[in-house]
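Reading through the structure tokens given below for one structure.
Chains: A, B and C, in written order; residue numbering restarts at 1 for each.
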Amino acid sequence: MATDGDVMLRCTDLRKSYGPLLAVDGVSFEIRTGETYGLLGPNGAGKTTLISMVAGVLEGDDGAVALDGLRMDPSALDAKALIGYVPQDVALYPDLTARENLRFFASLYKLGRQEARARVAEVLDVVGLSERADDQVKTYSGGMKRRLNIGAGLIHRPRLLILDEPTVGVDPQSRNAILASIEALSAEGMAVLYTTHYMEEAERLCDRVGIVDLGHLIAEGPPRALTAELGQAEHIVMAVEGDLAAAVAAVDALAVAGRTTGDAGVLDVLVTDAESALPLVMEAATSSGAAIRSVNVQEPDLEVVFLHLTGKRLRD
Amino acid sequence: MTPLAIAGVNLRRTLRDRTNAFFVVLFPLLMVMVVGLAFGGEFTPRVAVVVERTGPLSEALVDQLESSGGFEVERVDDRAEAVEGVETGRLSSAVVIPEDYDSVLAEGGDALVEYLSTADRSAQQIGMVVRASVDAQSSRVKVARVLQDRLGDDLGTNLARTDQAAGSLQEVSVVTSTTGTALFPEDLGRFDLGASSQLLLFVFVTSMTTAAALIETRRLGVSRRMLSTPTRVSSIVAGEALGRIGIAVVQGIVIMVGSALIFGVSWGTPLGAVALMVLFATVAGGAGLLLGAVSKNPQQAIGAGLLVGLGLSALGGSMMPLEFFSPTMLTVAHFTPHAWAADGFATLVRRDGTVLDIFGELGVLLAYAVALFALGSWALRRRILQGD
Amino acid sequence: MPASLLIAWKDLRQRFRDRSAIMLAVVVPLALAAIFSMIFGPASTPTAFEYALVDEDRSPVSRSFDEDVLAYLEDEGIATVDEMEEAEARTAVSDGDLDAAFLIPPGFADRVQSRAPARLEVVGSVDAATATDVARSVASSYVQGLNAVRVAVAGVAHQGGSLTEGELQEVAQQTVAAAPPVTIEDISADAHVLDLKTYFAAGMAVFFLLFTVQFGVSSLIEERSDGTLSRLLAAPVRRSSILVGKLLTSVALGVVSLTVLVLGTSLLLGASWGNPVGVGLLVVSGVLAATGIASVVASLAKTAEQAGSWQAVVAVSLGLLGGAFFPVQQSGQLMATVSLVTPHAWFMRGLGTLAGGGEALAVLPAVGALLLIAAVTGAVASTRLGRIVEP
């Protein structure tokens, strides 16, 4: 079996169009063994399409995907055996029990009967569903279904786990649990490919983050490095009453001010040093006729990075 | 949004998809061909006649068969070919005149003619005519033998005498008439209400098995989305149902008009026929609505749809004609809408009835439709509101 | 275990869970067989026809019609005969209370015994075609006998001058007493022709066929909308295995349900399907052909809704075209040829060869045709494979 050093996943120049719509445009990235890699981007960025190509569910128009040196495409059974797939929508058979679902998927990954039974019990334990294992999935709450959804991707001990926005619409408690379990898996040495549009998750989980927008990979690196790259370390957030546009224009005109945006009564400006810039910014805002209701200084984050790179917010 | 608007959207969605339009509207043209060729225009069943060795008596029997009218006689070379023709369904029946027919009769013995037919009703009718022809020839030979006995000479001479005597008389005959305005005898070998019973089967079964579609709509939450708009649930339900009935009606009309125009199939007076068909389609739609509302998934809908669709159709005389039914079964049959619709068509086609003549049947169908819709709407409403 | 079997087994388990499998495989065929046996059962001993006799002649000739011919019908349970006036009889037939009436006009016997033409009238109800046919047939054969005597008498007279009363009687007696020299024997039972019950049972079975096989294919579309299809695609399973697995579900359910229908109609209805091996071959090949057709239809559909409605139309149309309920072949050469496109026509044909004690191997041509249909449709469906299994 060919291997690729410690590179678990290598994507080279992936391209995919749906008719006139170019969903993925020349994306390349790598994931190492044991690494958690996040794909961060808003809805419509092409994340799901990318994921589908990596999982061998979709055939790209161009480019190559390799899993530990094995070429991945829809017919590559050996490569598929290495990945675990957790789709965005819960993909389980509602009229079968959790145990039956897991056993079925285990059989598809060619686990022997003994091994399957043991593994199913293990996974049920990990996702905390051992008690309800013999109830039909349609009786589960949303959170439980999501946990099982992830469990189904783990059943065969994959080398790379792919999760497509696993926490969308999930309550905070379940979300926390999910994130914790992914951290645990990562600690055990599993490579993880994680897509999300929540930057807190990306910051928390990922060793490296790739930022995608409109089918392009526009930046890549550890979260810290990305934010540091900006050079402008902090941003000032002010709740403003009055003419927001005028305030934004006034602040933006300042030399110390980096990217300035105004949205829903909130003015957001990037600065290198908040302490020195703050009085200038506040003055500029008030002089434009606006009244400041509150002021906040925030550490930079990926949201800011994204905003900076694309002029758009991560969350719409 | 009124029900009509919803129905309109459904129909537009249906017809916009070209493949859908093909299957739903054009494919039924196949039905037109089947119904048309089977039940339209002139139909003459074919009866094969095998003459194993020709002779004057054999030929006389063939002539008798040919002149009986009602079917076309096809002379076939050998028995095997005739048997094969009947077995493959190409021929309705076959008559085999054996090799020794002439010789046996000439010697004063009895001859046996073999007859072979399919089991359907049309073949039974033809069988009676064939029997009558054989009887006529048998009678002729019998009289000739009597003459031979009393007058002497050979059979041939006496046959000539018999024919001469027969020609000099005007025969005793049977005259048949019917009390309907349809002429009798009907085209032999064809069930006159076949076209309508096939149409009823088609409309009902397709409606029942497409009930699954309603489940998809529920599932996709479209109905729920419509609920959040200022639309009454009853309107939503009515709209869904109307759309489906509309399709069934379009299909039915395509089949009726197509087969009538192209093949001359008789459906009775247009107004009456269309009224019957529309009401029956409504009943079918209501049944489909109810089924779609109570089924949990498409597979259940298919299974139940089949049972009810085929079962009711069979009970209602759409597969085996009602005239075969015993009195008990006939009563049972009239619990199905099919039997009433079939009665309606019988009145229209056989007795040249008008819409007024089938008011009773139309009324019953209307009652069925109303009941099924009420039930189906209630069930669907519950399902939607329960978020199922 | 190969992936296709794993998938098929999972599907079947789901179908058992929602009871649709039992429904389709057992309940529906048994219920249909029961319904058909209800329809045929009491009707297989047909109820007596209801006739009336209007005898306005009241002669030995007309009485003989009543006492010999009609009485025989009554004794054999074929018909009941009531005597009544003409007006009453006509009304009764018109209202449907009677199936047919025999009208013997006044002076009938006189005319029969002279050379004048005589007519016996049969008035039939338009809704009782078979009863009327039988009445007409009965009257015709009676009248045939009368004609024979007349011709015999005329023939003898022609040669030897007029006859005495005694000679006339003699000739008449001799003619009447003579056995018919030509008789007809129905050999249909020995031929490979389906009897009525089996014909209808077979038609029902074959019609049913194209509906049951929708299951597997519709479940494929279900998986897509459930989201589980993408999981199957991500697993180390060939796309072809996914499709084969789905089709296996169809085939399994199709074969089981048809078998139950065959057994059910044999037991409940008394249909005689013929050699079991032959029937088995036909069932399996028929199911394969039907599955192929259902796959083609489904491969063109985008949603389960579309697939469902198209399958229904195709199933009914092909069923009728294939002669499931009336013998389309007799409607002309064109129809007979076109019907051979359907699996239904071949299935019926195959069954026909088994009738009358045919051997199992006789079905091979029909089986071959069915497998050919399966192969062709299967090929077409699989080229459209990509469409179905696209997430």
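Just so we're on the same page, contacts are C-beta pairs under 8 Å (C-beta built on N, C-alpha and C of every residue); 3 or more make two chains touch, one makes a residue touch a chain.
Keep in mind it's a predicted model, so treat the numbers as computed, not measured.
For the pair chain B and chain C, there is no chain touching both partners. On a Cα centroid basis, the chain most remote from chain B in this structure is A. Between chain B and chain C, the centres computed from C-alpha atoms are 11 Å apart.
For this pair, chain A with chain C, the centres built from the Cα atoms lie 65 Å apart.
Within chain B, no positions touching two or more other chains are listed. Contact of a single residue of chain C with at least two other chains is seen at positions 18. Across the interface of their complex, chain A is touched by residues 1, 3, 6-7, 10, 13-14, 17-18, 226-228, 230-239, 391 of chain C.
Chain A makes touch with chain C in their complex at residues 52, 55-58, 74-75, 77-78, 80-81, 83, 85, 87, 89-96, 100, 104-105, 107-110, 136, 152.
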